[in-house]
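By letter and in written order, the chains are A, B, C and D; residue numbering begins at 1 in each of them.
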Amino acid sequence: MTLDAVLFFVFGGIAVAAAVALILLRHPIHSALALIVVMAALAVLYLLQGAEFVAAVQIIVYAGAIMVLFVFVIMLLNAAREERTNLSRAARYLGVPVAVLLTAELAYLVWHASSANPSQAAGRTDVTRPLALMLFRDFVFPFELTSIVILIAILGALVLARKEP
Amino acid sequence: MPASWYLALSAILFGLGVVGFVFKRNIITIFMSIELMLNAVNLALVAFSRQLGELQGQVFVFFVIVVAAAEAAVGLAIILLIARNRQSLNVEDVDLLKL
Amino acid sequence: MLVLEHLWIILALPLLGAALNGLFGARWPKRWVDAVAVGSTGAAMLAALELWREFASLPAAQVPWVKSYFPWMVAGSFRADFALQVDQLAIVMLLVVTGVGWLIHIYATGYMAGQGGYYRFFAFLNLFMFFMLLLAMAANFSLLFVGWEGVGLCSYLLIGFYFLRQSAADAGKKAFIVNRIGDFGFLLAIFLIFRTFGTTDFGPVFTAVGQQPAENSFGVITAIALLLFAGAVGKSAQLPLYVWLPDAMEGPTPVSALIHAATMVAAGVYMVARCGDIFVHAPAAMTVVAVTGCLTAFYAATIGLVQTDIKRVLAYSTISQLGYMFLACGVGAFAMGIFHLMTHAFFKALLFLAAGSAIHALAGEQDLRRMGGLRAKIPWTYRTMLMGTLAIAGAPLFSGFFSKDAILWQAYASGHTALWLLALAAALLTAFYMFRLVFLAFHGAPRFEEHAVHLHESPPNMIAPLVVLAVLSVAGGWMAAPVLWGGPNYFEEYLAPVFTRAATVAPRLMPAGEQAHALELLMTGVAVAMAAVGFFVAWWFYIRQPQRPDKLAEQFRAPYTLLLNKYYVDELYGALFVRPLAWLSDQVLWQWADVKLIDGAVNGLAATARDLGGSLRRMQSGNTRSYAAWVILGAAAITTFVYLLVR
Amino acid sequence: MTANAVFSWLVVALAKSAVLLLVTLTVVAYLSWFERKLVAHIQSRLGPYRVGPHGLLQPLADGIKFLFKEDPTPAGVDRFVYFAAPFVSLGLAMSAIAVIPFGPPDAQIEVFGHRTGLAVANLNIGLPFLFAITALGVYGIALAGWASNNKYALMGGLRSAAQMVSYELALTLSVVGVLLQAGSFNLNEIVASQDGRWLGFVPRWFFFPQVVGFFCFFTAAIAETNRSPFDLPEAESELVAGFHTEYASFKFAMFFIAEYTSMVIVSCLATLLFFGGWQSPFPEGRWFAWTAYLPNLALLGGGVLLLLDGLRYHRRGKRIALALLGVILLGAAWLCLAPETNRILQGPFWFLAKLFFFLFVYVWIRGTLPRFRYDQLMSFGWKVLLPLSLANALGTSLLVVLRQP
């Protein structure tokens, strides 16, 4: 049992547990916290796979910005615990088994899609520089496109959330 | 640590996201389950990129994160509107789309 | 090697100026707008000078100096880079454009002062500079075409600068549409080039052409050359597509000077010279070029005789001078064409600016018949105007003298005697109508009520460019001076590397030696004599016996009216093309095709979609989570399918 | 790595963290004392002077007070979050200290026969890590505000969430210039890339090319740490005490310590990114050899001052205490004459000097500037700071592009 195997199981376990908590907890804030935990755990897993920068971004953007937005909105709307209502028929008879089936199949597929041989890139030290080069050379057009997407999203959010005078 | 383990983990997380998506009633929480699914996908992408020794996977993670940010902004704005207009965050109160 | 490494700087400067003024100029005080506009173009000029300096130290092996910055269009086998190219020809163009452009910017700060849309004017002007420089530095036809269209766009925007005036708006549209015709030919030429040579980069194309023999029958190269020339005809206002240029005078005078006299209209000449390698391989095309140019030169001159709008006279003289340039290119003397392009840029810009200064002094009066006697009132304008006139008329030792007579000599020496005679006549007419303009405007008695308009000399920031340009139009040609005593023409020698291949393909059978030189001097004498005759006739008519011209007009009413109405060409085109087109687009394309066909189809689709939706909408339960469940079901189905594939 | 190596590495890391923790806590405690003194003198008051000579024991007293006060839990709080929040803030703030290099990586000390540098961890992505920590710092405050079920606290939490998210952008962007010039995320390398001199005497600190960046960075940093003039989340004039209204005794102490720790961290960042970290401002060479003994001089001066001051002090106990302190300092000055110690001391000395300067600026600003209004705060962040830092990043990148052939 090597060190990163241990770390994998620890943090993978944390991630799954937090995800379950996200579903079971009844108050949106608690769910949000659970999700943040998931993200942090995932960041560690990224580190384990040598994707340092992705890990950092994961924390900064996901946990640090997006989830803050969620928490902010929850606080703003002062959301209450969600009340019990019976599941909708479709959800009950369809959702549960299908979700399980889906998970199983996905797990099977990816398990087989990934050949067992360990990675060549595991030992790579500095991934940030090549990553940047790739992002700004090969993917520069999509990159700029995403910036436009963001811009549009900002405008949309503004227009939607503005209080009508 | 072979990539398949990471992939399996991501599949499980994705499944949990799906379950949350179907079962939660609070719109915000449903939205969060979607984020969970996105995260699962990111994990898969990173795992693949490590296994293939290619960085494209990580680049795509960036794009996913960007899109997630945009989606969060707009989605939360919409949720804000819903909450404002019908004083409730329960999806079952938002069902005007039926005939 | 800063600029040589970063050629894009020269382009970026005017573009930056345009962006700044266009975005913020509306809110800025005039001072800032001036600073940005003049500063950016001035910096561009400095950059061009620096480029010249650095280029001089470049080994001949590295000329033309091409720098490719990034792939711009890649489609299948087609690939066009954003690549810039510098050789002697480009250097000359850059210097002329930036230099004259800068002076005209300075002038405009005075001329346009206090007019609406001041910042807009300078934003457009800078944008024009950008496209013009791009055109001059482009390293492939695709990029050249971008610059080509860009200058066209800016020309349109600036002609229609006073867009509230119907005539201005129409003139803009006319310029744009007439240019379209030529550009269509140009575009076809580019397609044909790509189809033939598989690329649009200058280097490969020209080398590929160079390997072929000159085709004496009508082949693909001739086709390419003719199509290219069609583009040039449109841009440089040659027969039969010249009609837009006179109307373009609706734009502000600095625009007329910069775009419709000095630089843009010369782009056609530049393009033909740039493609010299292609043209020399198509003797037929060369002949077409020469004949067209010569005819235009004479034809426009005749119209210029009787026009009464000062700017239109200059416009027609521009057309005819451009004709000279094409004549030069047509007889294979590309260097001479470029030479005349440069000198013409100097003195024609000068003439326009001086005319603008006069118009300015008269508070917008453009009609020669209501000018006169301005000499004493606005002395500086008068002096500079006179310099320009002498230059264009080809008075000895002025710049026009060297360039124009060189062209005449080349025409004669290369054996096109008929063309030479026609060009000579055009020279006479040129001298005549130019001096007619000067005499009408500046001599004789004032023909306007002086108390109504209070005359004033223009501010220094308008006079200074005039003086500089005057000096240039006097001295601009002296690098060809040694020709007079049998020496070399340094300008031609400077450009020689660009046209070596062309020269080898079509060796211009120039008579050499002593008697040849004597002959050349003789020809020069003849040309000067012609100019002198023109001058004296003008003097006789407009100083000695001012009533004479009207008498003549009485006697020869028919030709006079014909000239006055510019041979009714506009009316002709109107009847031949415009009205039928209007009818077609109105009756057929709109009433039938658009309304019936397209709208019908669209509405039909919409109707079907509505009915479908109406029948399908019963599936909607409105419960979000059941929708989610459906989505997941779909996802699961797909996954199962994949799963089965994998197993 | 073998289990043994892992173990020893773990032990050393833990030991270093523990030492660092203690040091930080002390520093923070005395930072509060320093602040109170300085602000007091700015307002021409005396500040604490009862407990210990010059109130030097005041922090201790405060600590004791924090520990022994009653700790009520208001009704209707969300217990879990209410208790978790202070731990979150403190834990994050403390963990950020771990990646900060106080001295050059080659200046190593012997611990359990295990040579180790002056930083707990030398991360490849030190800077992003720090930013990640800062980004997470919001939660402590926001959640505290939400959990304590009090409208003032909620307002404070909301404000801080909005404020920190807004200024985080400017904070991150203002550093881009430095990153572009240094070409690395590793704090050690960033400092190393500031080595050398312009014109032989101006140190190659990024402060000089990045003045704008530094301005944006420091302003955003003050806002990020919720210090005046950006301390709206705890604006007592409008929100009682903001997010920690409902917190008492030890939990409040945690917030308090977290805030001051983040001050320290931000000052460390400013030192590392813009002022050449541990590097001495004096150039090398014969003429400046004596600067190696500046630390000793500082200690010596401090000792002498304390002695003189102590001997003039009006109460005996304190007189003795101060004199003793002075003697200790003198002894330290003497100890540091040993070349090895001296060499290792150089880095930390300059680092701490710069750090102290920035902390001083912090307190100075607090003592000088009035508090922003909330809309002013927002519009300043979005309409001034963000564009400025963006422009700075753009300009720097253009510079870098033109610089390289």
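Points worth noting:
One rule holds in what follows: a residue touches a chain if its C-beta (ideal position, glycine included) is under 8 Å from a C-beta of that chain, and two chains touch if they have at least 3 such contacts.
Since the structure is predicted, the reported quantities are computational estimates derived from the model, not experimental observations.
A count of contacting C-beta pairs for A-B and for B-C identifies A-B as the more extensively joined pair. Annotation: 6 Å between the Cα-based centres of chain A and chain B. Chain geometry summary: the mean Cα position of chain B and that of chain C are 58 Å apart.
Centres computed as Cα averages put chain A at a distance of 32 Å from chain D. A straight line joining the Cα centres of chain A and chain C is 59 Å long. Annotation for chain D: no residues touch 2 or more other chains. Listed for chain A are residues 53, 57, 65, 69, 76, 87-88, 91, 95, 99, 102, 106, 109, 113, each touching two or more other chains.
Multi-chain contact residues of chain C (touching two or more other chains) are listed as 621, 623, 625, 628-629, 632. Shown here, the protein chains touch in an arrangement that is not a line, ring, star or fully connected set. Listed by label, the pairs of touching chains are A-B, A-C, A-D, B-C. If you check the complex, the residues on chain C that touch chain B are 617-618, 620-625, 628-629, 632. Against chain C, the residues of chain B that register as touching in their complex are 18, 21-23, 25, 30, 91-92, 94-99. By the touch criterion stated above, chain C contacts chain A in their complex at residues 621, 623, 625-626, 628-630, 632-633, 635-636, 639-640, 642-643, 646. Residues 1-20, 22-26, 28-29, 31-33, 35-36, 39, 42-44, 46-56, 58-59, 61-63, 65-74, 76-81, 83, 89-90, 92 of chain B are the ones touching chain A in the complex.
Against chain A, the residues of chain D that register as touching in their complex are 1, 6, 78, 80-81, 124-125, 128-129, 131-132, 134-136, 138-139, 142-143, 145-146, 154, 157-158, 161-162, 164-165, 168, 172, 185.
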